[in-house]
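Next up: the structures, one after another.
Look at the two complexes coming up: chain A is in both, with chain B in one and chain C in the other.
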Partner chain A sequence: MAPAVLIIVVLRLWPLVLGVNFSFTGDGELNGTPVGLGNYLELAADPLFRTSLRNVGLLVLLLPVAVAIPGLLATFIYLRVPGHRVYRSVYFFPAVLSPVIVGAIFNLMLGYDGPVNAALGAIGAGPVDWLGDPDVAMFTVVGVHVWATFGMALVVFLAGFSTLDASLLDAARVDGASLGRVIWHVIIPSLTRTIQFVFVTTMIGMLTSMFGLLFVMTSGGPEGSTYLPEYYIWHEQGQMNRPALASAASTVLFVVMLVVGLLQISLLRRSGRQD
Partner chain B sequence: MRQQRWWAVLMVAGLAVTGCGSAARTESPSSGKASQEQRKLVVWDWKSGEPAAATYIEKAKADFAGRHPGVTVEFVAQPFDQYYTLLGTAIQSGKGPDVMLFNGGGQIRDRADALLPLDQYVAADKSRLAGWDAFSKDGKIYAAPVTLQGHPIYYNKALYEKAGLDPAKPPATWDELLESCAAIKKATGATCFALGNKEGAGIQFWMSGLGSGILTPQEYDDWIAGKRDWSSPHVRRIFELWKEAQDKGLNNEGANSTAMFTDIFRVFETGKAAHIIGLMSDVGHWKDFGEFLPPDKIGVMQAPVDSEGATPSLPYDGGIGYGVAKWTKDPELAADLVRSLTSTGALTAFYAKAGAIASDTTIDVSQAGPAVATIVQQIKAGKPALHVALSSKTLDLMGRLSQQLLSGSATVDEVVEQLAASDRAG
Partner chain C sequence: MPGMRLARWAAAVPMAALALATIYPLVFTANVAMKTRRDYVLDRFSPAASPRFDNIAEAWAGAGMARYFANSFVVVAFSVLLLLLLGSMAGFALSRLRFRGSTVIFLGCLAGLFVPFQVIMVPLTRIMADSGLVDTYPGLILAYVAQFLPFTVFLMTSHYRTIPAEIVDAARIDGNTVYGVYRRIMLPLGVPALLSVGILNTLFCWNDVLISLLMMPSPEHRTLMIGVNSLRGQYSDDIPTFASGVLIAAVPVLMIYLFLQRRIADGVTAGSTKG
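Presenting the complex of A and B:
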C-alpha cells in the first residue's frame, strides 16, 4: 500500500499540484511573484485561447461523424461486401502511421497546387485552400485525424460484430428488411455498448492526440483558427516563454478533461446498469 | 466513498498552497572554486548537426582546444522547431547547456535573465564583428554574433530578360515594380512575389524588406529606437501594400498555406515568381537558389521607393549568435568558447561552406558572385530590420493578423490598431 501511495503522491499528484501552483505566479520579470488569478484573467481575455476552447466544442460536435464512419464501414465489412477482406487491412493501415508522416503526406496532397486541387480543377471545380482558409482548415485537420485513426475504432466495431446474434439478421432478411432498416433496428441496438466505448475512446483521441497533426499541418493557423488548448500550451510555454500562463492554460484543460472524463464514466456506468 | 473524500481533501490542500512558488528558478549561478575543475562544456544549437556547418564547428573546436587542451566540448544539435521549447525547460530548471545558440532580437532578449552579460569577455572582438545590437539588451551584450541576418530582395534576372526588361536595372519605385511585374506576368506567367505566410513569417520579411522604401529615414530610426508611431500613414502603408499585393494578384496563390522554408523558396527558384524577400544567413539565399538559378541570374535589389523622402537601405541585424548561461560553472571558460565560435577562421569556414554572410567584417567575399557582392556593398549603409525591434508577442500577433489581411477577414485599420496596442503593452 505504502509504495503505491508514494508513487501516486510523488509522481502524479505532486507535479499536478506544482503545475497548478505555477499558474498563480507571474512570468518574465514577475517570475515567482504571486499574481492571483492574473493568468486566468489573461486567458479569458485572449482570443486565441477562446478559439482553442471553441475548437474543443467543435471536436465534440464532430464526434458522431468520427464514430459513424468506422461504424458504417465495419457494417459493410460484416455484411461481406465484395472485397471485404482487403478493406479490413486497408482501413486499419493508417492506424500504424505516425501523425507526423500522415501530416506530411496530406500537406503534399492538400497543397494549393497539390493533386487534390488538380483533380478538382479537372472536373471543373475551383481550388480549395484546404489548409489556408480559416473556415476550412480545422475541418481538414479533423478529417485527416479521422482518416488516420478510424482503423482502431473499426477493429473494435468488428469485435463487437463478432458477438452479434446472426439469427437476428437472418430473421430481418427473411422479413424483407432493407439495409437501412437492418442497421437501425438490428445492428445499432445490438452494438450499443460497443458504440459507447468507441465514442469514449474517439473523444479522448480527439482531445489529446491531435497536437502532432496540428503542428505539422497548420501550426495553429491560419489566423489561429486551428488552435487547440494543447497547442496553445506548447506555444505559450516554448515559443512565447510564458510558462506560468501555460500552466494556467493546462489547468483549464485539466478541468475540461476532468468534466469530459466524469461524463464518460457516468455514461459507461449507465450502460453497465442496462445489462 | 471515504477514499474519494480523502483524495478530494488532498487536491484541495494542493490547490491551497497556490501562489507561493515560481515557474522558473531564480537561483544565482554557482561561482568560485568549483569552476576551476570544469573539464567539459555543453553547447546547444540547431546548427552543429548540419553538414554545411561541420567545418565551421571543427575549426571552432580546434581553436578552443588549442587554448584549453584539457576541456571537452560537447555539441548537442536540437531540432530548430523544438529549440526554444527545450531551452525554456532548461531555463526553468536552472540546469542546461553552458553555451547556447540564439536568434537575434526578441528570442534572446526575452531570455536575457538566464544569460551572462559578455561585455568584458568579448571587448576585443567588438570592432571585428558586426551585428551586436540584436544580441544586446539594456546596453549589455548577451551573445556574440556568428552571422548577419537580413532581408535582401532577390530577383530572377532570367524572367526579366524574357519579359524584355533590363536585368541590370531593377525597378527603383513601387510603381515601376508594378509595371515590371505586369510585363513579367504577361510574358512568362510568373507572379511578382513568392510569398509563404503559413507560419505568419511572410509579413516580417515584407515589413523589413520593403520598409526602408516606405518609411522616411527619421521614422525608420525612431522605430528602431522604440519610438514607434503606429498612427503614421507610412506605417499604415506597409500593411496597405501587403494587402494590395494580395488583392492585385502579385503573390503566388495559397500564400497562407505555403510554408516559408520548405516550399516558398522553391517557388522562386523554379521561376514561378520573379521576386522573393529572402535571407542572407545560411538558408533562403543565393547559395540555396543556386541549385536551379545560376549565380549570374540572381539579382539583389533595394526596396522600391513608395513614399517621398524614403531612402532604401539593406535591413540587417546579427543573425545567430552564441550566449553563455548564467548557471555555467566557469563563465570565463564558456565565454572563451564563444570567442572560438566567432573566430575569423571558424566564420570563414561557415561563409565558405554554408554561404552565410558571417558577422566578421574582415572575411574576403570577393569570390562569391554578384549577389553577395551587392549585399556586402550595402552592409555599410544598412540599418537594423524593422520587425526585429518588435517583441515576440507582437510578432506572433502580426503573423496571425497578416493572414487575416490576406484572407480579407480584417481591415488594415483593425490590424494597425491591434498591433499598436500590443506594441505599447510591451
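Presenting the complex of A and C:
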C-alpha cells in the first residue's frame, strides 16, 4: 500500500500545491520570482482566456440537455421499448472510442461535402460550415462530445433504474397515471441520487475530457472560439512556454470545478427535498 | 398507464434514428477506407465498388503504425499491471487491515480522485522533466499510474469491503502472514473487480491523448492515438488512406467492446452506485 500512497501523494496531491504556488511566480526572465497576482491579472485581460470561460458558461447551459438525453433514453429502455436490448449496446459503443478517433471520424462527417451537410441538403437546408464558423464551432464540438459520451450516462441511469422500486410503478399504472406524470412524480424523485451523480460527472467530463476533440477537430479555432480552460492551459504551457500563467489558469479551472460541483449538489439537494 | 403502448412505439422511432446516428459515422468511415481516391472524390456515399484493402496496407506501412501500436501496447500493459497490483494491495490494506491513519489515507486517495489532470499538468510535467522521465516509457507509465490509481484504489477498496472480514481473520489464525493473506485470499477473491477495473484502465490509457502528448514528445515514442492524429498531415489529400488509419486504430477497442461490453458497463456503474 505504501507505494500506492506515495504515488498518489507525490504525483497528484503535491503537484496541486506546487501548481498553486507556481501560479504566483513569473515566466521567462522572471522565472521563479514572486509576482503576486500578476498572472491572474494577465489572465483576466486575455481575450482567449475570457472566451474559454465564456465557453464554460455555455457548457453549464447545455448541461441539462446532455443529462436529459441519456435520462429519457434510459427511461424508455427501462420501459422496454421494442428493441431495448440492442439499443443499450449500440448507444454505449462510442463511449469506448478515443477522442482522436471520434474527432477524426467527425472531421469526415462534418466536411463541407460530408454526409451531415448532404442530409441537410436533402431536406432543403443550406450547408453549414460546422467547424469553420466561429458562432457554430463550439456547439459542434459539444454535440460530438455528447454523441460520444451519452452512452456512459445512459448506463449509469440504467443502474439507477435497477434499484427503482417496481411496485411504485405498478401503483402508478393502477391509478392510471400518464407517462409524463410517472416520469415526473415517480421516476425523477426516486432517482435523485443517480441524477445528481450524472449531473456532476457530465459537467466534470465536459470540463476535463474535451481536450482530445479540441486538439483533433478545431485546435481552438476558428478565431479562438472553441477554447476551453484545459486547452488554454495546454497551449500556454506547451506552445507558448508560459508555465506559470498556465498554472494560474489551472488554479482557476480547479476553483471553477469546485464551485460548479458544489453548486450543482446543493441545487439538486434542494429540489430533491421539495419533491 | 394510458398511452403507454403508444408512447413506447412513438419512442421507438427516434430511438432507432439515434441508433443509426450512432452507428453510421463508423460505417461511413469504413466505407471511405475501402474506396479509391478517385471514387471518393466522385461520390463519397455510394458503397465501395469492390472492397479493397490497399489503403489499409498503405496506412499501416506508410505511416509506420506498427511502431505506434508497439509503443501503446508496452505502455498500456505495464501501466495496467502496476495499477492492478498497487490498487489491489492498497484496497486490501484500506478495507481489511486496521492501522492508524487508514481513514486519512483513504480520504487522501479520494481527494486524488477529484483533482483532474488538467489542474496538475504543469507541475507534473515539471516534476517529470526534473527527474529525467519525460520522453521515457517509465515516465508515461508512472503518469498513467498516478492518474488512474485513485479510481482503482477506490473501486478495489469498496469491492474488498464486501468480502467478510472473518475470512481474513481465519487465514491469519491459520498462520498466514499479511502478505500470504493478500496473495492466497484477497488476490483470487478480487478477480472480478480486477477484471472490470483492468478493462476500464486499459481503455483509459489506450485512448488517452493529453498525457501521452505531454510525456512523449518525440516522434519515435508516439503512442497510437498521437500517431493517428499525425496521419492527418501526411494523408491530407488521400482521405481513404487516412480513414484506413483511423479504422486500424479503432479496431482493438471495438474488439474489446464486442467481447467485454458487460464488464465495461459494470465497471462504469460500480463507481456510481457504490459511492
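FYI, the second predicted complex is superposed on the first by the 244 of 275 C-alpha atoms of A that agree within 3 Å, B and C clash if a C-alpha of one lies under 4 Å from a C-alpha of the other, contacts with A are read in each partner's own complex, and residues count from 1 in each chain.
Keep this in mind: contacts are C-beta pairs under 8 Å (C-beta built on N, C-alpha and C of every residue); 3 or more make two chains touch, one makes a residue touch a chain.
Predicted model, so just to flag it, every value in this text is computed and none were measured.
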item	value
Chain B versus chain C as contact partner of A:229, first or second or both or neither	second
Chain B versus chain C as contact partner of A:13, first or second or both or neither	both
First, second, both or neither for A:239, with chain B first and chain C second	first
Chain A residues touched by each partner, larger count belonging to chain B or chain C	C
Partner chain(s) touched by A:78 [first = chain B, second = chain C, both, neither]	neither
First, second, both or neither for A:22, with chain B first and chain C second	both
First (chain B), second (chain C), both or neither touched by A:161	neither
First, second, both or neither for A:112, with chain B first and chain C second	first
Contacts of A:147 with chain B and chain C, given as first, second, both or neither	second
First, second, both or neither for A:219, with chain B first and chain C second	first
Touching both chain C and chain B, counted on chain A across the two superposed complexes	9, 13, 16, 18, 22, 113, 215, 234, 237-238, 243, 247
Contacting residues of chain A [partner chain B, same complex]	9, 13, 16-18, 20-25, 27-29, 31-36, 48, 111-113, 127, 129-134, 137, 215, 218-219, 221-224, 234, 237-241, 243-244, 247
Chain B - residues contacting chain A, complex	10-11, 14-15, 17-24, 26, 81-82, 84-86, 88, 92, 110-111, 113, 198-200, 253-258, 263, 392-393, 396, 399-400, 403-404, 407, 409
Residue ranges of chain A in contact with chain C within the complex	1, 3-5, 7-16, 18-19, 22, 73, 76, 79-83, 86-87, 89-94, 96-101, 104-109, 113-115, 118, 147, 152, 155-156, 158-160, 163, 172-173, 176-179, 182, 194, 197, 201, 204, 207-208, 211-212, 215-216, 229-230, 233-234, 237-238, 243, 246-247, 250-251, 253-254, 257
Residues of chain C defined as touching chain A within the complex	1-4, 7-9, 11-12, 15-16, 18-19, 21-26, 28-29, 32, 44-45, 86-87, 89-90, 92-94, 105, 108-109, 111-112, 115-127, 142-143, 145-147, 149-150, 153, 203, 206-210, 213-214, 225-226, 228-229, 232, 239, 242-243, 246, 249-250, 253-254, 256-257, 261, 264-265, 268-269, 272-273, 275
